[in-house]
Amino acid sequence: MPRSISRSLIYLILIVIGICFLIPVYVMLVTSLKPFDQVSLDHMWQLPKAIDWGGYREAFSKLAPNFMNSIYLVVPATLISALLGSLNGYVLSKWKFKGADWVFIIILFGMFIPYQSILIPLIQFIRDIGLYNTIPGLILVHVVYGIPITTLMFRNFYASIPDALIESSQIDGAGFLRIYRYVIMPLSVTGFVVVAIWQFTNIWNEFLFAVTVTSSDKQPIMVALQNLAGSQVVHWNVQMAGAILAALPTLLVYILLGKYFIRGMLAGSVKG
Amino acid sequence: MSEVILTDKKTPARKTTLGSKPRKRKRMTGDRWLALAFIAPSIILIAIFVYGFIGWTGYVSLSNWNSFLPDFSFAGFDNFLYIFKDFRFQADIRNTIFFTLFFIIAVVVLGMFLAIFIDQRLKGEAIFRNIFLFPMALSFVVTGVVWRWVLNPSSGVNLLLEHFGIHFKWYTSTAVYPSLHIGAIDFGIPAAVIALVIAATWQQTGFSLAMFLAGLRGIPEELKEAARIDGASEWQIFWRVILPQLKPIMFSVIIIMAHISLKIFDLIYTMTGPGANFVTDMPGVNMFETTFKSNFYAQGAAIAIVMLVLVAIFIVPYLIRSRKGDA
Amino acid sequence: MKKGLSLLLGSIVILALILTGCGNSDSKSSSGSSSSNNGKLEIFSWWTAGGEADGLKALNSAFNKKYPNIGVKNEAVAGGAGSNAKAVLATRMQGNNPPSTFQVHGGAELMAYVDAGKMQPLNDLYKKNGWDGKFPKDLMDLVSKDGKIYGIPVDVHRGNVLWYNKKIFDDNNLQPPKTFDDFFKVADKLKAKGITPLAMGDKEPLGATTIFEDVLLGVLGPDKYKQLWTGDLSFDDPGVKKSAEIFKKMLGYINDDHSSLAWQDADELVANGKAAMNIMGDWAKGYFTSKNMTYGKDFGAVNTPNTDGSFMIVTDTFGKPKGVKNSKQVDKYLTELGSVEGQDAFNPKKGSIPARTDADASKYDEYSKNAMNDFKDNALVPSLENGSAAPQGFLTKVDTAVNVFVTQKNVGNFINSLKQASSSLK
């Protein structure tokens, strides 16, 4: 088959699949910009007659507090779990003790468990320490269950730092902490960016913990978005505007820092 | 497994780390304790929050706690017997099997071919890549909310398809093919699951695409050139050269997708709920509703334990293998 | 690397800007809701939107005027038509951290907490306020156990209502059905005209199980219907089988996409003329009026077939948990809830009728006035689907059975599932 034909065929296939992938985006955007009375099912594919921000206004007024809840949750949870992961990764890659690899596997397993299998005790525990229905409670949960993935990512990342570097620092008399602070940390910026993006996206998008640990005014945005659909008559324009608002931060991260986003995605999936 | 790391092109020195350790252990005793002290909190947290809690869930699953008040009297395996006889749970198992199967196939096949196409040094490569990758940045909740409307039988894509005289019932279909009567349920492929697979595939294909793309870029050009010189066709190159090189990646993608699929909750919960005749129910949704809406804590715990076992069947060998591969 | 970093910094700045931008508007709502109970009354409910939220606000502000020194904190939990709130409540009760008072359906749902020893009897409060005889006896039975009263009924909704699009009925010269025979005659005519006779939305179990319990009430009559939940009437009873057959026949007249719709979506079908009828509790009235439809002109309501003289009650009550702080203030709030003024402040806004029979009827709309009359002299029966008739565990199993039945339409299997489930009724 001549190369030019096969290349056009490839373009054609990619364009068709690409359009299919963009259909939901089109529906979201178009619907969110319509006033409610134009959001009838029969016209859902038509462009809005005039752009109407009412859906966004209403979605924003309903979701803004939850949006802030998500921010208060995501920022500390991301920072703490990245820091923990970095320390763990440092120890597990540069200060291996006997059985370190097994410890790593045991930690790693925590990333794959279905969280339903720890949910009942978790709720009891969070309640008993007085953090039920609080954002700090949710931060704690995300930090703890973020340990496996952040440890994995940093361990893989630090494995690429040559041991010779550590050894020469040791010869210079630097200890565990000094090496971490003056050798590892400066080399970890990319690692922190990748891990932070990963955790930011994951925690922002997480639903199961959010819906069980918090209620009403403490809910992160994803739960509020779901409740937007569940409680009253569904105003699809508000719904779609809400979905876009809820997706905006992670989309922004993807657009601005796509390279690190993808690197994190890959690093998070693979054992070193 | 470590082949997959090729993505990180700047990290060639991976394996040397392990071999060169033992020497300094003896020297830096104090620091070794410090290292242990720094990792200890994480180990303790994981020990409690993962293993301790799993044990506690197991304990609850063997108890009589099936009202809102805790009751830890021993029930033996009653809760497991109950859920395995239960219509809803049997439907869950059926749905999970077919959802997982189709979802994995769709994500692997679509991701791999898109990766191969995009790898052809096309113009606009970045645009295509981004179109397929961005859904990864969205949550399952957003995906569910959007696809609930796109695949709504009385609106959505059906309005477009009606021009061709096609009308799908999507996730409201209660049809099951071939509908073999096994246990309490009709066993077979629930048509409604296809709608869920479409939504989940839309969201996760980017992941497998990125993985395969990284893998493809790691295949040395010389391999393909050599095959071409030997007169192999592009198809033969694909089957004989590329595919074998992508195998470990495919394996990873399958494992990751399987564990996402077996514990899926948010997508189903926001998109369809359990569905008519439980055609779109999944163990994750069932567990949540049984436990927190109906207060059958022990039964919910039993469902959770079954889910854990299902995931562990995939994951534990994978983890152990990857450890061996790396040591 | 540098470029990425500056972008990251940029996005952090953007985040910070958003943070400060929204922070101000947000601080109000978050300061009023810290989870510690600093002397304020925590009023727990799932009244978060629409008329019920307005009603609660009206009630709280009336209370505030009377007792400006007692702080009231609205702890309403959104989502899942109350199921989220119930899960939160169960968790708090398990941890012995109850709210000051909470919304709970009268009957089995309240009794679950009473049986667990979590509630205080309110007989003294009733005596002190002279409330004896102000609430119907059947209703008091739902909040009492062994002579002790555990809840104050605030509102009453009716569960056995058939809503219809008046224009469709007028255009086709149809009368709203009074019996099952009428129903099927009307339904056949509508079907022949290409109109969906009965709109159903059973994405949540409410949509389908409501129809089934109303059919049960229609076939069995109020007395036998009640016996079903006390275990005095077996699910083997031919009446139950007949009900299942009728329910099955009704399912032949519903919309195709029922399983993707919530109850509101089903009413939407009635409102926009795509379907003619819907069976739902009378909170549906609020939906129709929100669509600018007028009762008696655009939409109508009759009792579901064969249930004239019966009133399926759905009632929200408030109880007093054991171990609450500031017990005296809680009593004052409960007194407000049980008073005529309190009930008349809340119910017209919510669209429900007062649980007291001596309320001021002039404050209510025409539909509610009729319902208030019926409430006085009809046989009152508890709703299963709304937590009054039977424990949650049984209800869950019935919901499962109904969900399966709607698709499979196998009467034998359905009766068997109900029978198995009924073993949990004692």
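As written, the chains take the letters A, B and C, and residue 1 is the first residue of each chain.
We take it that a residue touches a chain if its C-beta (ideal position, glycine included) is under 8 Å from a C-beta of that chain, and two chains touch if they have at least 3 such contacts.
Keep in mind that what you see is a predicted model, and the values were worked out from it rather than measured.
If the chains shown are joined wherever they touch, the resulting network links each chain directly to all the rest.
By number of C-beta pairs in contact, A-B leads over the other of A-C and A-B. Rounded to a whole number, the gap between the C-alpha centres of chain A and chain C is 37 angstrom. Inter-chain centre distance (chain A to chain B, centres taken as mean C-alpha positions): 16 Å.
Annotation for chain C: residues touching 2 or more other chains are 80, 87, 94.
Touching two or more other chains at once are residues 212, 226, 253 of chain A.
Counting partner chains per residue, chain B has residues 148, 152, 154, 292 touching two or more of them. Residues 7, 10-11, 13-14, 17-18, 21-24, 27-28, 31, 41-42, 44-45, 84, 87-88, 90-97, 101-110, 112-122, 125, 144-145, 147-148, 151, 156-157, 159-160, 162-163, 167, 170, 175-177, 201, 204-208, 212, 222, 225-226, 229, 236, 239-240, 242-243, 246-247, 250-251, 253-254, 258, 261-263, 265-267, 269-272 of chain A are the ones touching chain B in the complex.
Of all the residues in chain A, the ones that touch chain C in their complex are 64-65, 67-68, 71, 75, 123-124, 127-128, 132-134, 189-190, 193, 211-212, 215-219, 223-224, 226-227, 230-234, 249, 252-253, 256-257, 259-260. Interface residues of chain B, counted against chain A in their complex, comprise 1-2, 4-5, 7-8, 10-14, 16-18, 20-21, 24-25, 27-28, 30-32, 34-36, 38-39, 41-43, 45-46, 49-50, 52-54, 56-57, 60, 110, 114, 117-118, 120, 122, 128, 130-143, 145-150, 152, 154-157, 159-160, 202, 207, 210-211, 214, 252, 256, 259, 262-263, 265-266, 269-270, 283-284, 287-288, 291-292, 297, 300-301, 303-305, 307-308, 311, 315-316, 319-320, 322-323, 325-327. Those residues of chain C whose C-beta lies close enough to touch chain B in the complex are 80, 83, 86-87, 90, 93-94, 112-113, 116, 202-204, 256-260, 391-393, 395-396, 400, 403-404, 406-408, 417. For chain C in complex with chain A, the touching residues are 1, 4-5, 7-8, 10-11, 14-15, 18-19, 22-23, 25-26, 29-30, 33, 35, 48-50, 75-81, 84-85, 87-88, 91-92, 94-95, 97, 262, 264-265, 268, 287, 290.
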